[in-house]
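Below is one structure; the comments refer to it alone.
Naming follows writing order (A, B, C, D, E, F, G and H), and every chain is counted from residue 1.
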């Protein structure tokens, strides 16, 4: 779709590329069809980042097949998110995959990530200890995508001095990822303190009227602080992905 | 129900009070039945506060009738909440009621409130300017019920320094009423700063995913700060009532 | 934040405290940073109550580390809420913690609580037998925080005489904690009978359209009785914490 | 459908009713088709009550046409619910309908209702003054359908003694219709006091988290008292209809 | 509360009952307090039905204790609802209770129910096969409470002829209990066919947008057929209890 | 997108179409850009139906501009949905548009619709009289798109015989559009009776727990009858559009 | 109900069919009553498709009994949906049923389906790999009902070129079944590209604010593309059933 | 809070700033307290953007007072959002404010905005014509904050070619603001096509199950495309603010 259409048409006219082939190029090229999945090889060109495999809804067999195809096609590392330790074990054992696994963030990496070439630092901030899995998903993703990361955990607003004591780090960051469950007030407070973009991640941490993260999600969407945008509940990966795009603006 | 039952029974036995009359006393006494309403005259004895008239669902005629009966029965002032300026005008004009009216808080008062005899000060704090009607409902109610009130308006968490600059007042208060719409983060931040009870009032201020106050309500219910309890959306009266009970503990 | 700022600045000016150190004092002092958690040592000074550990989202290792740090820093007892019996066993066994554990209330206590020095009694009232875990969480917390507690269980409004027969206890209380699931009517009925503050706790007891406590929560927020405030579903701890603050007003 | 099928078939066989006609009888008879409406003339035979016209979604023209057809076909009175005073005026004026109109209950009656021949009394009980329109809809409907009605208004549970003083009337009733908005606790309390069926009607009275009657509806559906069934929010008519069926059991 | 108050007061006056004792009678008599439960012995007098034990939130120990107390106090049978087969086994084995258990309806009965002395028959109708547990809870409860029951299962509206073929039974019933999950249309169709009261029970049968019974619940509350009232999702017991009250009207 | 890509490329190669132009053709051709709207001229080729103008969110000016452009480009009639009578008047008057307007269905037509060339008849069935606006939107749209339409109004399931008497028409239809508010049971009953596709349209008719059509929507999505698909609340147009596609299958 | 009524009545009149028998025919014939289920034998005549057994809420015993009855009565194959592999094993083993089982689609088939005699092809399109179970339920059902099926899996809109490369197949289809979880945008995009009816199936794939398929469901109901109708979350069977009806229109 | 603390302390020590004054500086300086509002003068220093006045909840008097104070304190232009034309008129007339007003975007500007000094272009894309008010709020805000803006309106996914024809503009943008109501699919499709950050704005455009923007909001939160973050419903300002921060990264 976003191939250089004019170039292609000119090549067709010049006879450099035959009609059949041109049609094929437009239609078939940018992915490998392995039946249950269409693996996107040009995504890096198009969106600036290589294929990321969402591990939650896939069997180890499917993940292994996709990763193998990706690794054959490019030297880029591959990031696998929402990967349980059981699946990681199977991938490393039965499927013989060279995989670095972080249980905290449920993330596996084959090959190596990008070197840290972002504008500045991405600060990953959490309200409580229980937000850690989402925070690590964000932090590891951001590092893989070529960013320096500062982790500020358990600095929720009920003890404001904990957050205040880290104000330097916050104010130096290029982007802040604010992660909180329960009432999600962290995003608003951080948003009022810093002058960089803040990406808020509601987490499903809480009970009762937290409704699995809905309370935090609504809080963050209604944030009275400007400069705050929001991603889905527990979506540490998505926050890091956007943060990395922002941290690589130029 | 909470008459001294034993005393009554003893009087019955002693013949001081005839059976018929005792039965009547238990059944009929504590209120006046004016058809469309049962006016509670002993509520002050029972709950420590005189009758309060909720003006929203009543016609000026009904309000006038209830207030008149209450004023006949006691010297106590009467507080009318959710009173529109139209109804207030009609009560003052057509019904000739001596009524002090505050449009900001939609509150009318007949007679005078209690003198300020609470333990300390009740701080009424709002996140924004738009929360003012709820805040005034709370502040005027608290004053009527015999409390000194400090108003701290428009000190929302997106500009934390505004709140911080008033920290003395907050920390000196006996009770804090924290009023906020949108994401309602104020309650958590205030709750983490003070050592007194905090009563949180979500307001219907906001738009979109604030859902008429639901976002703030959920935030406040999920507050990570201890010592915070919550009342219904926009219920400034209820917050002040509870705050006054607390400020009169002894 | 709520350090005596003026005092500190004067000490800086007087040269008593060097600039570096003052900066440090403001930033670093009030908590210990043990990586996954920021333990708040001055919380007692600030909010009147020592650190309470929320056990649900933490591993026994994390709990043990936090409790040990707290016990080293102060003689105060430590309260651990939402503690499963499995974790309690591990804390007592593997981690060698001197822990008093109540399975009914899922609460562990290291050291001893405060002596009962409140103004009066906190009455913990439940609608049914199934509300018992929340009730015990509230009752044990209140006792730990230095309050006398009266337990009135299974006195729901469908059999009003059960509640009425305990009217003396209710009317003598300083604060009532009203705990109920299903339709949560208990809070309104109790609120109409007593003259002290009532803190209502909706529970997730029920089925079908109780929606995990939402029905009771809404009931309580809409209570037609004045003087009722509400906490999150199943939040026995929060109710007791606020009740204790109120019972220690002076 | 519930014609005596066998009788009809026998008549067909005997030649008393020709096939054409029998087919017609089954298909066409029980209602008049006036294009925009199918008026049910046999509903009384089938469900024990004559046609009732729901006035809310219909123009005065449509209502007049339907009522006229019904009055031509039978001597029974016709009940029109959810009838605004504007429409009532137009029906009485422009359409020359002999209509008795109650503004309180938004109900119009053409002709006369049934004489009171029920087993006992239907008690219509409300929590507050604002529930009056729904209560009058219920009371007037019940009277139209041949029941004696006792009205107990403004006896909500926050002042339990008001309800208690009317216990005789409640306990004498055949059926109780319990009408309340806000937290809807009235249904549970009444349900625990009486031994007859209770039909609960949630009303849209309230604000904030009452969500237009949802809070009261959920309360009533979750009532811990047995013998309570529920109808739609503000559905005074439906409650009275069912109550009348019950009060005419034999 | 509903003791004959006048009689009691007269006895007090006459000296037949001493004051102390009268006070006691009013306060203590109608239930046995066994700590975790208040067993209601006079409920039969008050509401016409003996105590029913809701088994879901109680341990076998608690159930056994309550049943034993009830059996000591009266010859009436005891009905236990929401009783799992595990608990039933334990009650029969370890606690030696003479218990008749129905797994289909999750109901246990100690002693015998009432003889069938209702006005007519209660028809229990279900939309599908999966509604059977709720239907049996209703049917067995109705039988225990002294009613004849007709079971019409799997006659949902998608195959209308199945329902039509049973029209005789439906039309002969005193009360119909209409039980359905998914879209819950059964209640409206049945409500349009019969002239007796219909009690609708939404069930949690379904998937996706049935939201655990909410779809059926809303359908039933909005039923366009008159004479339909509704109980909580899956509340077969509640429907049968109300149906039995109606079937015993006189 | 769905231009014949191969043909175009061949023309480019053959030099019949220059590269510039080909690029233009792919990019610019299928619509006219009039700033605030992109008018789709080839939609008929692509989806089989000409452009339909959704009138609700547009000013008369905008509608007039779009219709004029469409009429210039093709002889096809133009259908305008959700058109208020005010806007229709203005279009006819101020903007001089030849417009046939139906107030019942809030639909305007410029030019003429297609001749009725469908496979069979589309039956438009409603539960009540109040569903008429949605029904007329559906019926007029279906007629415009070249279908014969049978209207069966006010045949809701509470009076099943009304529906049954029209069974012939239902069973002869190619497609049935079942329109109902409140509990929406009509879709399931109709779905069980016919063998053709049924498209269900929930309407916002109702009050209280109908929640603006949500109750009917859920009912229809959960329909136990096969062959039922659903469109958005009040979306008569969408139902007719799909029904017309189906009625023109070959 | 939809027997030829006139024919039957004429036979009754002619004495060909006795009254008793005619009554019986109307009432009893179209299904076999096996107590817990009413098996519909004439459904094929009435709705064009044989009985389908919904396996989820039934025991293997119940399924086996129903299938056996159906197979005795007709040569038609029987389709069993939502059949777990455990139940399938038991049916094949213990109950000796000749069953072809697909684990991917959780579907069992006894006997053979219809030969592919539809108008064209049904395209089954999914947004992602995780939608596969729903897609296979749809595809296998459609094949069983006599349709050719094209499967296009993992062509979600985030990589539009994957979908575009399959445009030929999409544009050749008679009906498209668009299956997607998360944001469900696939239905709108596909609906804008094709000119045939699109049936959208939201799936419960996703996490956080996907709310078990609600997000996709709402997306699809609000699709800005015409020609899209929607079925319940995860209801692959229902989509295929409707698609098959459409693909057999003539 | 984010004053240079060390600098201040050093000045205190050096005696440059007296203690009293330092205390004052920390507490009072960063805003002007005009009773009903705390005007933030240093916000530009802190967050990089001057004060923006949210006009919706404020009277013209309040707005005029705030703007005047801001204009006195700085030469920066002031942006007023959610400003109705009535209020704009009053500000220009009665309050004599030099105000440039855009009715389309409900935005007023006093003074001039920043010159366009961003990294690149912000593309503002809408699904339909009705999304225009939100789009203009976004576009005008972005321009005020110093960004070049490209407007692409009415390019919704149901006519994909409209979007495709603008692919160059999309792919050249630094940030894309994707604005859509109804099903909100635009965000996912755009997110899959571009490699820059996408900020999605759900709008309240739609009807029925769009639930005032909730459907679009959920779609966008669940977007399968990476790089998409979301703001509150109709929050064009918030999207532009974040987009501007991103477009000024360096």
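In this text, a residue touches a chain if its C-beta (ideal position, glycine included) is under 8 Å from a C-beta of that chain, and two chains touch if they have at least 3 such contacts.
All figures in this text were calculated on a predicted structure; none of them were measured in a lab.
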item: Touching chain E and also chain G, the following chains; value: D, F
item: Selected pair, out of E-G, C-H or D-E, that shares over half of its residue contact pairs with F-H; value: E-G
item: Chain at maximum distance from chain E, centres defined as averaged CA atoms; value: H
item: Turning angle required so that chain A lies on chain G, C-alpha fit (0 to 180°, nearest 5); value: 90
item: Separation of mean Cα positions, chain H and chain G [Å, integer]; value: 49
item: Inter-chain centre distance, chain B versus chain E - centres from mean C-alpha coordinates, in Å; value: 41
item: Length of the line joining the C-alpha centres of chain A and chain C, rounded to whole Å; value: 38
item: Rounded Å distance between chain A and chain D, as computed from the means of their C-alpha atoms; value: 58
item: Residues of chain A touching at least two other chains; value: 1, 128, 159-160, 164, 192-193, 208-210, 214, 217, 221-222, 226, 232-233
item: Set of all touching chain pairs, with the criterion as stated earlier; value: A-B, A-C, A-F, A-G, A-H, B-C, B-D, B-E, B-H, C-D, C-E, C-H, D-E, D-F, D-G, E-F, E-G, F-G, F-H, G-H
item: Contact set on chain D toward chain F in their complex; value: 1, 27-28, 30-31, 35-38, 40, 43, 56-58, 62, 202, 204, 212-214, 217, 232-235
item: In the complex with chain E, residue positions of chain F that touch it; value: 127-128, 156-160, 182-185, 187-189, 191-193, 206, 208-211, 214-216, 218-226
item: Residues of chain D touching chain E in the complex; value: 1-2, 46-49, 52, 119, 164, 167, 171, 174, 192-197, 199, 217, 221-222, 226-233, 237-239, 241-242, 245-247, 249-250
item: Chain F residues touching chain A - in the complex, by the definition given at the top; value: 5-6, 9-10, 12-13, 15, 19, 22-23, 26
item: Chain H to chain F touching residues, read off their complex; value: 128-130, 132, 153-155, 159-162, 164-165, 205, 207-210
